[in-house]
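Each of the next two complexes has chain A plus one more chain, namely chain B in the first and chain C in the second.
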Partner chain A sequence: MVDAVAVSKTPAAPRPLSRTLHQWGLLLGVIGAVLGFLLGYFLGGLGFVDNNSNGSNIQILLAYSLSAVGFLAGMGFFNRLIGSLLGQRPPTLADEAYLHGEGAGLSRYFRLTVDHKVIGMQYVVMILFFLFAGGLGAMLIRGELLSPQPSYVTPESYLTLVGLHSVIMIFMASAAIIGPLGNYFVPIMIGARNMAFPRLEALTFWLLPPAGLILLSSVFLGGFPTGWTGYAPLSDQAVLGMDAYLVAFGLIGLSIMLSGLNMITTVITMRAPGLRFTKLPIFVWGVFITSWLGLLAAPVLASVILMEVFDRTFHATLFVPAGGGTPYLWQNLFWFFGHPEVYIFIIPAFGLIMEMLPVFTRRPLWGYRVAVGGMLGVGVLSFFVWQHHLFVSGIAPALRPFYMFSTEAISVPTGIIFLVALGTLWRARTRFTVPMLFVGAFLFNFLIGGLTGVFLSDVPADFSLHASYFVQAHFHYTIMGGEVFALVGGLTYYLPKMTGRQLNARAGRRQFWVMFISFNSTFLCLLAVGMLGMTRRVISYQPELQGLNIAASISAFVLGASMLFWLGMIVWSLILRPALATQKNPWESLGIEWQLPTPVPTYNFDTVPVTWALPYEYDTGQPAAIPGRTQPALAGGTPT
Partner chain B sequence: MPPRRRTLINIIAGTWAVLAAAGDIALNSLPLPPGSATDIAGSETQVIRILAMMAWPIFVAVVAGLVFTLYVDRVAPDAREFDAQTLRGNSRVQTMWIAGSTTIVLGVAIFGTITLANDTTVPTVAQAVPNTPLEVQVIAQQWYFTYRYPSFGGFESAHLVIPSDREIEFHVTSLDVTHSFWFFAAGVKADAVPEHDNSVDMQPLKTGTYRIECSELCGIWHGSMSDDNAQIVSAGDFNTWAQQQQQLDAPIMKFLPPYSHTYVPAPGAYGS
Partner chain C sequence: MTALPQTPAIHEPDPVVRSRSLILGSRLMLGANLTAQLSFLFAYLYLRANNNNGMWHPDGVSPPPIGLAVTVLVLQVAAFAIVWAASSALNRQPGASGFVRILELGLIVGVACLAFRLFQITHLGWTPDKGTYVDVSILWFFFLAAQVFIGILWLIKLLSGQLRRTVPVTVADLRSAAEYWAFVTVVSLGVFLLVQYVT
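After this line comes the complex of A and B, so read on.
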């Protein structure tokens, strides 16, 4: 332990009650959730509104919402608020240090802690849990699709399976990179000692476990039949499981929104003196742009979810034509959120792979400014393309050429990312480490994902491919082949910094090849069945497509096994047989995060560095900045 | 540039040219879906073919670039030698790349718009018998499609039968939730939205028996909302069938609602 900072020592005085409560926050949170659930269920049963034909959904809505509030209250999110209302003294430095989990050992991971690094680790565990929960759903779906007729799943459970797999994965993917790595490394990379709003950051994390559990609990309420898109009026018709979807998705939207707000404020206001926007690591740029998308798009999700709650509970008929509403309202608003959402998944992955490329090529990032411009362009354009999801919906045919053009235009800034990657690799002495393999796979998979997207953006081709397995395979190429590959590579790269332990490189290389090949054989088959006319989300399909489906399923099982093997590697190397990283900086990166001691001290920096450069100066070997010094360390350093 | 490197670049470029040409030649002659059973299916096939022929050389080029840069210049994972040549960017290459990709995008968008305009206006196929399009209504509900023929008194049929000699004008609507009418071989996909009339025109070119399915998630039996018995038949067969059907349906016509482009569903159709 090299805790350089000594803001305070926990006083030896008897532990105050508030700290004892705080220490047991997780347990109290569960109790709070149960109490909230019962209270909501009781209040909802008082008969404010008529029950609709599906049962009393006001009861279940209130129960879920209050259980989330109860959980947060038990965790201690409202302690400070209530304390100040009761006239308690403001928190002292010692209180803050306690809240940061200073010197608390492992227990700090199991309570409300505001240290961004603890939250980053909490995100790692949660993301892995939901990645594998969603993956289990995928395995069950592929198992069912081995036969063209329903085999071991009923059509009803199949839809729930599809819905759960999709929402869990959407939920996981929207935080997969920005949650673990963004929270952990953005403050460090900008020379800050914490986020701008540390408590808000903890809230964005702790909103997600209740959201995930509420979502999973929908199986006890009959599931939901709509997939992740929740199209009305099918959702108006659905049983109570739909309300679980609505509350869970609402909480996820809230988390995306608040996380965006926090990240934007952090990057704008908390940068170290001397760290200009032109010297921000490219990963921070990716997170920054993504955060804008989250902040601007997620409120639309929250509103549309609320509208659907009104439709189901109060018969508002916003989406029901018989009452003057229209299903197109849901489709437009949902996709106005939904399309930026997919870039919320992928832009952090762009940032992450461009952050890793210079390290393994030992080169500056080739074209840093166009790379930033590319990500900005993708981010801005992502708000102008949503109606390509409605090309066959019968609404506004006159607008189709515009949305075709705006969608195809996104390939220009996306192409820039490829240009930057190829430029950085050009004539470089690339080190073939495991994270580098994943960077290469990302580029390959995302290339297929991008090129298949052009087919879907073209309206006449989309008439045939829309809502088929071609679409499904296309977005799995971008999100699984893109984001998840970047995540696996990124975790392999950053775990030595986060935990001081390293994954086994030989096992990692084998795992990579199995994962890469089985991923491609799965989704190439699914691209083909889509072109041949197989609809998404069906339990029965044309018997002549069974061969391709069996091939896809078998590949998917191999892919699932390779992912399990990866999880096993993590558990083995980190917990069972801790393989200590042999070096402080095993990849010899110049990033500021690698110049700090491992584990990183609670407040990151003793003295915040003021002389900064881009962390890619591999020709001079000058790090981004030297922590703990206020003067340039290297005489030969040439600040750019 | 060292000669070995130049040779490698030539080899990679040559491989690219061979692969790109071979792939495009194959794509040009492959029978791609959805086929040519109707005019718009034909134009969709053509668009998919052209896009694939554009995408394939780009795909091979980028992969070749990746393989070249990753493989040819690689060093061992634990190597610590250092390449002194530092490139930070090249504005000429960047400008060319952006201009090139913008040109391709503009070309693709203009091409798509022209195809779209051709598909949604009167077909240019020479018709044996010039006449008005045959209107066929597709009524979707959980979990089947019903077809109505207003020019034959508005009778209803559980299977789609259309003549091959006339332009067909589909009017798609729904009685409950959103469905999507997908006539794969005909290249027709149109969402069925309650109280909305979604119309698609097409000219059949080949007779045959085809599959129709629902392509928008519509509830439990969405996967079974399909019919393998949709037919495009000759004009004579169609007229015989339509007259037969009209007679069969005559006794129940008075129970059907009058023909309309949309229908107000019965109360309770949305579950609340």
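After this line comes the complex of A and C, so read on.
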């Protein structure tokens, strides 16, 4: 069943100075960011480019860009490259062990670490931070919309508030499942000891905190009026806060692309012997397909951002009709990225819920290959639908039927995934644990999100609904109702493996029902006001819609409170609840990740399994693979 | 878990897997690079087709001087051919150091290519307000210059490790670098033809 393929060596003596500096990585990163910002601001002020009408955006662009570079330099990302150019010896195995965070305790979470599990936990914290920062924006928006006329926010600030909420949430959602759960579990699920490119994995994480902070700082530069889509020519005319948007989104795009590259390489080259693609856990398939989308779509975002920077900074006219440009160029390129982007959010969620379903139904995943085909179908089709975002912008009428049908066609593979879920649930003795409740909620919410999406793919319906809250509610049903519910369920499911602590089931059930009901009462109201003609991104609305808006706002506040309660449950569990036994498998899952001890050893496996089965053989009770016992001579490292 | 040792044991990644990962990762990066290049191609052809206000290619704007453009292209092709030759030499005789001289020559030609590209950009006589043909072309030239710069850094890193005997160059290392140079050269050829003749 198992074959010892591990190689163990005794580490060489450590290098104290570099270690000492490296331990202060986050602090050095902050110092590097400040120095980079000042240097960029100084260089931008030298006057080699004329200011545009909004001020010196070259100063801001350089300051932000160099602050990100300075942050990464301070964290130590360039040490190896510079050391290599200077002819320093390559890192020893002991250096690598140190970078993996061997025996470093909590400090490894605040520095460059290449252990995929540490990076997964870093992602958890960052994702939750930005989820709640974006959620705060949502509460402010709903508070403002209690009244049909502006109350505590000006119309201009409202646009920035909506833009910030949306970009932060998009930013969070693009990594919400792949970041924490993909990084943590994909290597384990494929029998690998780490990712193919561990430093790259760390880089994809550490690009995001500067991106988030740069984005938040846009409020000090007048904000940006474009929402998350950054439409030109409004973005050409916007104040300096737009530059923060461009730099931040550029960093996010880079992170998505590199993350995709790393995941694809890992899944293709690092799988354990005997683990064929036909036996991959369905969650790994979800991450794998999503990674292709990120790899191929994010560079288009980077290109179009470069073009916008060129327009704003060097007085080019790529998006300005008077100078020969056209705003449609932005719309086409942005949505060529933007539509696959929404599937970057949701395909890992599909994988995650299908990973959890067999555990709680105690049945094999019904139609495993069909499910893979469904996710592949969604991924491929997602590159052929982007122009449905341009139906009302005035694209050539002859193009509309193709994009209408391609958009409607995407409901077929999505429907197949639902079929797989229903087939697995059929006549099952389902255990309605808290994660399973979230799986059910995902299916319910995403069904509404999907069906409203079919309406919007229809050209005549889109013409009347495109600018309304109907679109906003549809989008939230898919992303919040789909991805965020899957994330909460997934974290509840995997937290015992990641932290050794389990959330309180009774409190979890209560939290679930409050969250589920308040979510639906919020966005059903918003679907209704959208049908009644309420325009999105506009601060005022018809007084007769106030009742529905008040209902939506109160529901949203309850939803926010339920999310805060969930966060409190996590903190309470981590601090006050006793740790589970190291071999505890609370859900009785057959997945290999649950066959490892908790906490998972640094290098995951001392002996890598070579005989694998699908991890859903609940009819026979056979686990995916047996990782072998941890033996002192071949141990993968100290417990984390 | 109670039996785990106090002294950390270390896992050394398999060199074969590492080589495969490097080559695959490098090719995936080229795939990502390709979609970025296709964005520029789309912008070029889309703006050309739109020609809003007749500002795609207004009077007085001419393509880059052909002599300089051909020089940049020839240097690019030469740099790629030399790096490829170095890769082939190492592939024929893994462990031999004969490829180093060839790679050094490739580096010099690559630097010359970058220098001429920057000279070209600064001597076009174009400003970004002279229409969208100019805008896309300048931006694309800068993008290509950045790609050549990355290729140069890559070669310096390989040579540095080899010459100082800290990280010997492997076949996979050099093959990835050669494929990268091949990609940038093909894109440069395409951009040359487009900017010079599809105006």
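We adopt the following convention: the second predicted complex is superposed on the first by the 605 of 640 C-alpha atoms of A that agree within 3 Å, B and C clash if a C-alpha of one lies under 4 Å from a C-alpha of the other, contacts with A are read in each partner's own complex, and residues count from 1 in each chain.
The definition used in the following text is that a contact is a pair of C-beta atoms (placed from the backbone, for glycine too) under 8 Å apart; a residue touches a chain by one contact, two chains touch by 3 or more.
Being a predicted model, the structure only gives us computed values, none of them experimental.
Contacts of A:S84 after superposition on the shared chain: chain C is touched, whereas chain B is not. Looking at the shared chain after the overlay, A:G500 reaches neither chain B nor chain C.
Once the two complexes are laid over each other on the shared chain, residue contacts for A:G324 go to chain C alone; chain B is not touched. Of the two partner chains placed by the overlay, neither chain B nor chain C lies in contact with A:G143.
Looking at the shared chain after the overlay, A:D236 reaches chain B, while chain C stays out of its contact range. By the touch criterion defined above, A:H315 lies against chain B and chain C together after alignment on the C-alpha atoms of chain A.
Judged by the touch definition given at the top, the superposed model places A:G274 against neither chain B nor chain C. Once chain A of one complex is fitted onto chain A of the other, the partner contacts of A:P586 are absent, as it touches neither chain B nor chain C. Of the two partner chains, chain B is the only one touched by A:S464; chain C is not. The interface of chain A with chain B overlaps its interface with chain C at residues 315, 321-322, 326, 328. On the side of chain B, the complex with chain A involves touching residues 32-34, 40-41, 43-44, 47-48, 51-52, 55, 58-59, 62-63, 65-66, 69-70, 73-79, 81-90, 93-94, 97-98, 101-102, 105, 108-109, 112-113, 115-116, 119-120, 172, 176-178, 180, 182, 184, 187-191, 193-199, 211, 213-224, 226, 264-265, 267-272.
Chain A meets chain C in the complex at residues 6-11, 81, 84-90, 93-94, 96-97, 102-103, 193-194, 196-197, 257, 260-262, 264-266, 268-270, 295-300, 302-304, 306-307, 310, 314-318, 321-326, 328-329, 332-333, 336, 582-583, 597, 601-603, 630-632, 634-639. Residues of chain C touching chain A in their complex: 1, 3-13, 17, 20-21, 24-25, 28-29, 31-33, 35-36, 38-40, 42-43, 46-47, 50-56, 58, 128-129, 131-133, 135-136, 138-139, 143, 156-157, 160-161, 163-164, 166-167. Those residues of chain A that touch chain B in the shared complex are 52-54, 150, 155-156, 158-159, 225-227, 229, 231, 233-234, 236-238, 311-312, 315, 320-322, 326-328, 362-364, 366-370, 392-394, 397, 400-401, 404-405, 408-409, 411-412, 415-416, 418-419, 422-423, 425-433, 440, 443-444, 447-448, 451, 454-455, 457-461, 463-468, 505, 531-533, 535-542, 618-619.
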